[in-house]
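Two complexes, one shared chain (chain A), two partners (chain B, chain C).
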Partner chain A sequence: MLFKGIRIKHETKMFYMFIGFWIVMFIFMNVIPMAYSFYFSLTNYDGLSKPVFVGFSNYLNLLKDYRFTGSILQTIIFTFFNIVATLTISLFVANLLSRKIKGQGFFRSVLFLPYAVPVIATVFIWKTLLNRESGLVNLILGSINSSLSLNLLVNYPMAALISVFVWQLGGSMIIFLAGFQNIPRALVEAAEIDGASPLAILIRIKIPLLTPLIMYQIIVGIMLSFSVIVQPILLTSSPGSAFTAFLSQQPPSQNFFTLIYVFQQAFTNQNFGTAMAASWYMLLIMIVISLIFIRLTRRFVFYEYE
Partner chain B sequence: MKRIYQIVLIALLIAVMLTATLAFTSCKTNKEVTITLMRDAAEMPDTVIAAFEAANPGIKVNVVENDAAKLMAMVSSGNPPDIFRINAIGSPYWINKGLLMDLTPYLEKTIDMKDLFLVNDMFRWDGKTQGQGPYYGIVKDWSLDYMYYYNKDALKEAGVPIPSDDTPLTYTEFTDMINKVTVYKDGKVERYGFGFTDDEWNGYFMSMLASKGKTLFKENGTKLNIDDPDVKALFKWWFDEAKTYHAMHNPLDPASDWDGPLLQVGRVAIMWDGYWFGPLINEGTTISPDSFGFAPAPMYGDKRVNATGGGTGYVISKGTKNFDAAWKFYQYWMLGDEAIARAKSGWGLPALKSNMKYVPQETAFDKYRLAQVNKELPYQVVLQFTPYLRDSAMISVYNQQMEPALKGTIEFEAALKNFADALDAMIAKEIK
Partner chain C sequence: MNMNKNTDFIAPGRSKPKSDNGKVLTYVVIIFIVLLFVIPILWLILSSFKTQEEMVTFPPTFFPLKAQFQNYIDALTKINYFKYLGNTIVLSLIYTVPGIITTAIFGYGFARFNAPGKKIFFNILMVLLLIPPIAVLIPEYAFFSKLHLVNTYYIWLLWGIAGNPLFIYLFKQFFSYFPKELEEAALLDGCSHIGVLFRIFLPLSKPIIVTVSLLSFLTVYGDFMGPAILLSGDNTTLAVAMANGYVARNGILLTPVLLSGIVLYLVPVLLIFIFGQRYYVQGFISSSGVKE
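Moving on, here comes the complex of A and B:
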């Protein structure tokens, strides 16, 4: 096809035809809402009245709000520990499951199953398990020694929350499993012949070859950890009253993440402008963390094809 | 192959355009009217809606589950439900925003206005005072929320005298009772002193202050009345009950369930809630209803008062495009046989005085609790909330600001100041 003297390849035309729909949807579902949210972040919009332009005052006020800055810190801490715990354990489990063991299929299914449990059900399972009076954890501890009792939900709420995510490691596990299965058998056999221990093979051969997947999981983990909102509210918020609306529930400060702050600002305090500004701060922090991480780890990631 | 792609794309385009055109024309030519209703499925099951639709062919009810965040999102997008559910206590906010339909002329045509209980005045606002002016809604049912049920056996165990059915306890006596009945074992709460309705917490404060002739907000609802020593003392009292005695479920000692099941099994000694809580006591299998008393509201000041802290009701959106259909549903649900069915259930008192004859009185406990309510009716007042905040916003901001203090991250005084400042800032923004 000729277009003003430029010949457009048939393949190029097909390419844009196929991705055209996605581009249109991306513009309408992502770009325009983001632009709209940036506009609102420069106003005092409360969701009901006409927005009034206030410039960058929402952004400046956020820096003075100890609850916002505290939530950023808690989100970063949670992100770090959540990623370390989830990926370490899922890598370890995937390594075990990549071997030819009896019941391999059964173990894979059972360990993947929690990943398929819906979020709300997961939270209530763990809330029941960790309940101080009647939870299974304390029942077992109490049977060992009656004075043993953990109040994880109150005293260590972040640990309780991370347990929920580690329990659902099925998704990460499957990705690592696929990675393990793609490692050339010849490399492992050569190492075995040379007398390398399983631990040495794991550390010096398998993990380096898995670094692209680890990198991918960490980047995705950062995005997912920053997006957590339902679990901390339902798991560790105060009283389980059936009448307390989701809006009013307040997780403890250790689990008070930025997205919860955004949600409260928008739907409780009706500060949509502040909520949008906080969202943009969140995006910026996620990008900075991801870029720093990619830059720092570039030399440690092995790509088969550069 | 190139040709096939073009044919497929053209066919898709035609299909999309055809569908859109058909949908549009069907909307235009169809005589059916659709109203959007935001409801709570537990109180308004699908069968109720189906019965209305069967009786009113031509009116379709599009149901949306009750959710505060969803409601705000729908209102913000300019597409509110035609009928939705709010607490009467926070109605001035919605009225002030011009979001609710004045139902007075329609109510006047349908019922005798003198048949309405005083509680319905919570849906009235004249621009200045809650309880005066036009009606923007009515309650679906109600209670005098500051009476309390108490477990007689729990009180006997704690050596606490049984409260009088007729004379209210003072606030000091009430506090003393709560603290004595709270039971600890091995550092765990075995029995909480009292339970309460979380999402109507501000009402407890407002009714206690009304007993002293004071209000939670001052200067026409533009500021939290935090400088008043009685207001501050009340906040400190509530905080201390959570912190030092853990007398109620709170972030330091979260309950495994809400107060209903806890009261049923004796894990809560006193339930600071009104008439509506009675069926939960009736339904309990561990403790007989006859083991419970139902006492008048404690007095913070010299004046004996009682009030409704929530007053859940339904309203019609001012922007509704199908008012006639919406009003038809409103009458069906709020004033017709469904209202009588609610009265018969015993889960609350009816909005209309004439429906009081349907309130259950089969068991001794039901007769007793109704008799106790009737003794309190003369002391009923209409609580005053600010028109510049949603009631749920205040509760959430309280949780946001006070929980760190409860956990020792910040001093109580500082947290209370932060709470007052945050609330005042929200109100100031609203006024601007």
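Moving on, here comes the complex of A and C:
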């Protein structure tokens, strides 16, 4: 017994020797900055002078700032439509690709490719594509009828923004595709023999089996949608303006999200206190939305291994 | 098609043509979607050869009137392109190379040992996996500026060795498949755990090392917010330099030159994608927990 006791202790010691540095770095890179950030949110810190403690007034003032509350609303609307659009389309595409077709690998690669394109390239590709003057969309519309033209970036900025993420659905498509390919053949064949139509098989068998993956993707989608900042600023802020400072450009109100508010407060207005308070609100809302979502959908999710 | 007999039995006389039509329809839809996904890249390449005037004339034309190779020369000379490319690659390597070693050590720790408290730390890792790095960028900025690290590459070194949670998770997954006997035999021969990791496990882990290297390299190569906030002036990366640099004297954005710069910027990404796709996709799928 004594021997066993020592062995367990040795293993524990080894675990912490291997992980110890990670724990130190976790405290150093996450816990301390977070604590710092919470402390700043209670002060009027401007990045230069000594922070003065102001209690929760930053948090209270934010609730009265219509630009902040508006940005929260826009972020939630964007998150909803972004997730619905990207996940439905990627589920649809993955389902098509999971059939027995020739060139499956090639199609999969091409559809996955945009996902690997860095954000700055994506933004300017999209800007040229949707541009009023030189855009491909208007070229096509113009060839149908010369009076047709759309200024998507100005008139439908959120739709334009979401189309970027739809183009980059490769990541979620790959995961769904792996999910479809993991569905046991026997289940599908049994349903086919019973005369179920492909649509019925998709809705009644495949999608229920994929619910854990769909859940995972939605949670990831919430986190990613809340952290979008480069695309709305560079894609939809007024074109032609000289690139003075990246953060001082104003996207249209539809695409003015909370993270943009946070960064502008911190770096353009030098209000670190307000910025930190706003980012804590944002984190809280992200967590609450995710928890509500998990709660609401719990009984629809099918867990094979529980 | 081998199942004709069965399907005929269910829906006599109708099923065969229907499934053929279905197949054709599937191809038509897939090819249509693939075209939609490729066109933006083609449009980028075509537009990069146009003149500044062509970019603002309405209605637009599909092909450039005359291919402007000058755009590419301007892209390389208007900003110090190779210097910023060098910065980007150096930064990616500073993040990737030491990072691989520490993430492999952390992954080994999580995969091979059981200890009180492991569950808590693993759950923390899973939460970190979900938090987008950008959400902690401002607190990190405040912290780094206290340490006088802003506008240095040490930040990327710290990020690298702190271990990206995704990479730790990928190593952990890979290492948990090795048989216990392999480890025990080496330990009996007097090898330490660090020896087991570096002499036995890592040489057998080429696929996951390639996956993590590619993902890690591309993370830094494609990042915009990190360098935009934490670096300035000549220290910055290509992504930021391109977004700021291609402006004429009167403040007008030189769109075709910018697009040429972007085409060149995409070349390494495309090469990595074409040659390393298998690894890249693999890393991606494992991150979601789907088994292959």
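The rule is short, and it goes like this: the second predicted complex is superposed on the first by the 281 of 306 C-alpha atoms of A that agree within 3 Å, B and C clash if a C-alpha of one lies under 4 Å from a C-alpha of the other, contacts with A are read in each partner's own complex, and residues count from 1 in each chain.
Heads up, the rule we're going with is that a contact is a pair of C-beta atoms (placed from the backbone, for glycine too) under 8 Å apart; a residue touches a chain by one contact, two chains touch by 3 or more.
The structure displayed is predicted, hence computed values, not measured ones.
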Item to complete: State whether chain B and chain C clash or fit side by side on chain A once the two structures are superposed.
Response: clash
Discussion item. After the superposition on A, what does A:32 contact: first (chain B), second (chain C), both or neither?
Written reply: second
Item to complete: Would you check which partner chain A:149 touches, where first means chain B only, second means chain C only, and both and neither mean what they say?
Response: both
Discussion item. Quick one: is A:23 in contact with chain B, with chain C, with both, or with neither? Answer first, second, both or neither.
Written reply: second
Practice prompt. Check the contacts made with chain A and report whether chain B or chain C touches more of its residues.
Written response: C
Worksheet item: Is A:57 in contact with chain B, with chain C, with both, or with neither (first, second, both, neither)?
Response: neither
Worksheet item: Taking the superposition as given, does A:69 touch the first partner, chain B, the second, chain C, both, or neither?
Response: neither
Worksheet item: Where does A:211 make contact in the superposed view: on chain B (first), on chain C (second), on both, or on neither?
Response: neither
Worksheet item: Touch check for A:275: first (chain B), second (chain C), both, or neither?
Response: second
Practice prompt. Go through the superposed model and pick first if A:44 touches only chain B, second if only chain C, both, or neither.
Written response: first
Worksheet item: For the superposed three-chain model, which listed region of chain C (113-121, 185-193, 239-247 or 275-283) is the one that clashes with chain B?
Response: 185-193
Discussion item. Need the overlap of the two footprints on chain A, from chain B and from chain C, as residue ranges.
Written reply: 14, 17, 47, 131-134, 146, 149, 239-243, 246, 263, 267, 272
Practice prompt. Could you pull out which chain A residues touch chain B in their complex?
Written response: 10, 14, 17, 44, 46-49, 67, 131-134, 146-147, 149, 153-154, 237-250, 252-253, 263-264, 267-272
Fill in: Residue numbers on chain A that touch chain C, as the complex places them
11-12, 14-19, 21-23, 25-26, 28-30, 32-34, 36-37, 40, 47, 93, 96-97, 99, 101, 107, 109-114, 116-121, 124-126, 128-129, 131-136, 138-139, 142, 146, 149, 167, 171, 174-175, 178-179, 182, 192-193, 195, 198, 213, 216-217, 219-220, 223-224, 226-227, 229-230, 234, 239-243, 246, 259, 262-263, 266-267, 272, 275-276, 279, 282-283
Item to complete: Write out the stretch or stretches of chain B touching chain A in their complex.
Response: 2, 5, 9, 67-69, 72-73, 75-76, 97, 99, 186-188, 197-199, 249-260, 390, 392-393, 395-397, 399-400, 403-404, 407, 409, 422, 426, 429-430, 432
Response to the item:
Interface with chain A, chain C side, in the complex: residues 3, 6-7, 10-11, 22-23, 26-27, 29-30, 33-34, 37-41, 43-44, 47, 50, 54-62, 102, 105-106, 108-110, 113-116, 118, 121, 124, 128, 130-132, 134-136, 138-143, 158-159, 161-163, 168, 193, 218, 221-225, 228-229, 239, 242-244, 247, 251-253, 255, 258-259, 262, 265-266, 269, 272-273, 277, 280-281, 284-285, 288-292
